[in-house]
Amino acid sequence: MNEYFRWWYQWFRDTVLVIPGRVIAFIFFAFLFLVPLVTTHPTLLRILILAAIFAIYAASWDVLAGFTGQLNLGHALFFGVGAYTAGLLNLHFDLPPWVTIPLAGACAVVVGMIAGMPALRLRGFYLALVTLAFPIILTGVIFAFPDFSGGELGLYGISHLSDCRTSDYYIIVLIMVCSVVVMYKFTDARSRSIRTGVMLHAVREDEIAARASGVDTTRYKILAFAVSGFFGGIAGGIYAHFMRVVGPSTLDIFFSFQAIIWTVFGGIATIYGPVAGVYILYPLTELLGTDAFGQQIRFAVLALLMIFILLFMPDGIAVWIRDKIEVKCPRCKLVNVATRQYCRACRAPLYLEKTKSTGKKEEGENETEIHL
Amino acid sequence: MAKIIVNGLVSGGVYAVLAVGFSLVFGVARILNMAHTAFYMIAAFFIFVCTVMSGFPLLLSVALAIFLVSVVGILCHKLFFDRIKEHTIPVMLVSVGLAILFQELLVMGFGGTYRAIPPLVAGFVEIAGVRVPWQHLLALGTSIVILIGLWLLLSKSRLGKAIRAVANDREIANVMGIDVGWVCTITVGISAGLAAIAGAIVAPIVMVHPLMWMQPLVITLAAVVLGGLGSIRGSVIGAFILGFAETATVFLMPMGSFLKGAVALGIMIVVLLLRPDGLFGVIFEEERL
Amino acid sequence: MKSKILSLLLLCVLVVTSVIVGCAPEAPEARPTIKIGVLGALDFESGKHFGYGAKMAVDEINAAGGVLVNGVRYDMEAVIVDSNEMLSVADAVAAAENLITLDKVNCIVGCLRSEAVLGIQDVAADYKTIYLSSSSAPEQSMRVAKDYDRYKYWFRVGTVHSGNAGKIIFGGADLVANAVRRDLGIDTPKVAVVLEKLTWTEPMIPAAQGLLPKLGMEIVGIWQPSATASDVTAELSDIKDSGAHMIMRVVSGPITSVLDKQWGELQIPAALCGFNLEGTSYGFWENTMGKCNYAELTSVNADVKASDITLPFYDNFVERYGELPLLGATMAYDSPYILKAAIERADTLDSDALVIEIEKTDQPISNAPRCTFDPLGSELPHEMTFGPGYMTGYSMQWQDGKLMCVWPDGRPFLGDKKWEGLRYEGTVDYKLPPWMVEYWKSK
């Protein structure tokens, strides 16, 4: 038993504590898990639950756009398809949520593939504008078959995820944490075990060079599309079971833009960026919504915030903060806390300007000292 | 048949004015200005304020609106787009943010209800058995005049040549001594002015409300993509194709007339499948290998 | 670097102000109050009227001494919140939940959009809170029939029984067809049916195909434009070509002003009748530039002497707000009075007891002589009872800038003789549009 705990403690100390970004992530997840122990106020839980759902939604957009550079202006398609699938399966076939939600994800992928096939031939802006069209077309189809889809009334009476809101909360947060971790691992270029991240970065940076190096870029683009669609559909499925009402609003153009707003605010091409963006912006808009004056200025504030971030911190707020607290070693590329002077692995000086004056002595020091 | 032609021409004409403005800005300044139809909306509201709320004559309000919106467009460019013009995607997102901001400001000022503006010319005329309001014909006429005027500007005048040069190859234009920044600013002003004109001629036909920018934006984007990004001729043709597609849907499928948006977009996708660069797509110099 | 610090500072300022604004504490209460949460889309006229009506009723009740519960005098308070239902159903549901959990209201009143009402019904059921809504979808009352114990807290107030709402629209068509027969001598008027493409109008298609021929009319075509259509000149041209004498339109979305306005502008020679959600306000006359003259539409309120409450209510409302009351206004005005009566009969604020008392409601309201609710056991329970002497709705016609009531006009309703003689003081006769009469007479 002691061994077990010591292993966990060492992992915690060596892997999590060394990088401030990971510390923040840890604190954040811990906070999410501990909130219901302090208070179970239904409004607070509702906001956090919806934030978790939208975090999965925004992160799934980032997988595609941030990493393969394929700007998807119609991401609401996956969400809407997922939501409607879960709702229809639940209403017509009485399937429980733990069956409908994965099926929702799968269905979103299939629809995404059908929609994405023609899109593969298109470049840049053409792709972006075609993706904008798909949710609109699907909305038209929904209105064309109102008996099946409920038309503008949508589907209602979908079953709960669980009996009380607190257990709903835990289930959803757990799904969110797992999804975000999976998406992060899938796109992380530094990961040694899963190499897809490096490939995706290569595709985004220079597709032609990647192809020349023998990387099957089409396969990776499709893979990214599938992962993005799957998690977008999962988010939609969870939404259906939480709200218990699903309507054409899940395919709204503005909702597609929301994913982009949240991600860009937090930091594109990182998975923690969209999560941060959602958890900062969404509770803010909801909080503003509880006050009469705030309700009026809600979206104006959101739009203003986004414009400011884009003008002054175009990489996103999470990335801006990350760059303030973390620094990459110039020699071994390992991430360090910004307050350190020397890299924790190779002992190279992290800030070149500061060590300029001491010159030779530093060089000698580095060559003799070897560390773990 | 006559109905489809007449109504199709009118909607196509209006979309063409919007599409051309959008395409111009994109071709010259490489800005995907999603707030383009928001300018159109601001012009419509400004005319509403001037005519219905303050009682100014309509023509004066229209002229003022065009001037004001052009200035707003140039301001947006200088304050927002110019700062980050190297990154195309953030520019597009900033324009989305601006559009939403304008929408919310208008909601705060006017509420979400629908308003009406008096038409420049009231009444209707019968053409080939079809009753067409004079305002619709005016819209069509104005679109044609504007398009011809723009074509003359671009092909005959010095400014037009400069614009075409910058659109064609920015670096070489700069080397040749054309002030690229100034040309971009002028183009943004012209584009916003075009959006304002579209707002002025269409506003009496449709209702004025803070959400009126979304639907024309989708059609404008579709028209520009269909015609091929960077080609003005393509945008005009794309706009007319979509205008006719929408009108045909309404007449041939009266029970399906709500699908006209979806049909128009469907046509855009089909064309892109066959020609991935749009009908008259232009390859930009950055992408030439 | 400076600009980045500045922008981060600005960001913090924005965030902090938002938090402060959102967490602003409420003023402490004076007397025990019964809080009524009022939901409406405040960005739109129809939504604002929920607030207006509720406020008026609450002020009147408080001035008359409040509500007596168990010997204690309570004041009523209307907590008016934006539901934003037109743009986001999720917002409306969230607003309802906030009203119950944060503002601690005793009951919720309002909401027009069917999707939103369905969502809020669930919230009210979860928290066992009384919910009085508007809207007109039978799905809402069918839920009460299917699962009474869960959904019994919901009642529909101020709107015609959703199973019969379609009938009064056809009643309007019948009225106009009668005028066509009388003035133009055409036995079987031709009708063009225009329905906005939404789920709630779908049942109208088979209903029209079944009912209109029985009433002596011929359907020449069915058009279904989008509810958000901004230009219907194409459809109108088509309709004129079809030779229709009447257009029966059922619209509620943004298309409402467009349709009536363009009909008037093009002077389509067909009488306009049916349902138009926005059509009963002064704003509508302005928005259509007066082109809606001679358009007929059904409404839930009219300034005729339906009950002793109606005309005083109209006068007070117009004086206070400068507008004609819309659907939300009458509904939100009547709801506090219905609640007051039920609370005083039950002598408690407990929801379950109140449900039983509300079901026993039998009082005059502002738009009908008598309000009672269909009991459990009927096909659509908790809807307002429909019939002569109860809530029947009205048909209105714009006549030169004035909205006049043209039905109930004393004739049998869809052949039912029980309605004969039902005509309220202030009702006038329906008139055909003069350009239409000219057109057909010259043929």
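Order as written gives the chain letters A, B and C; numbering starts at 1 within each chain.
Keep this in mind: a contact is a pair of C-beta atoms (placed from the backbone, for glycine too) under 8 Å apart; a residue touches a chain by one contact, two chains touch by 3 or more.
Nothing here was measured: the structure is a model prediction, and the numbers come from that model.
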Chain contact graph: line, ring, star, complete or other? complete
With centres defined as the mean of C-alpha atoms, identify the chain lying farthest from chain A. C
Averaged-CA centre spacing for the pair chain B and chain A, given as whole angstrom: 34
Would you kindly tell me how far, in whole Å, the mean C-alpha position of chain C lies from that of chain A? 42
If a residue has to touch 2 or more other chains to count, which residues of chain A qualify? 143, 304, 311
Each of the following residues of chain B touches two or more other chains, namely 107, 256, 258, 261
Give the residues of chain C touching no fewer than two other chains, as numbers and ranges. 197, 227
Can you name the residues of chain B that touch chain C in the complex? 3, 7, 11, 52, 107, 111-116, 118-119, 122-124, 129-133, 136, 205-207, 209, 212, 215, 247, 250-251, 254-258, 260-261
Quick one: which bits of chain C touch chain B in the complex? Just the residue numbers, please. 41, 43-45, 86-87, 196-197, 221-231, 233-238, 240-241, 254, 257-258, 261-262, 265-268, 278, 283, 286-289
What part of chain A is in contact with chain C in the complex they form? 41-43, 46, 143, 146-147, 150-154, 156-157, 243-245, 247, 249, 280, 284, 286-295, 301, 304-305, 308-309, 311-313, 317, 320
Residue numbers on chain A that touch chain B, as the complex places them: 71, 118, 121-123, 125-126, 129-130, 132-133, 136-137, 139-141, 143-144, 253-254, 257, 260-261, 264, 296-300, 302-304, 306-307, 310-311, 314
Okay, in this complex, where on chain C does chain A touch? 3-4, 6-8, 10-11, 14-15, 18-19, 21-24, 42, 81-82, 84, 88-91, 93-95, 97-98, 101-102, 114-115, 118-119, 122, 137, 139, 143, 197-200, 202, 227
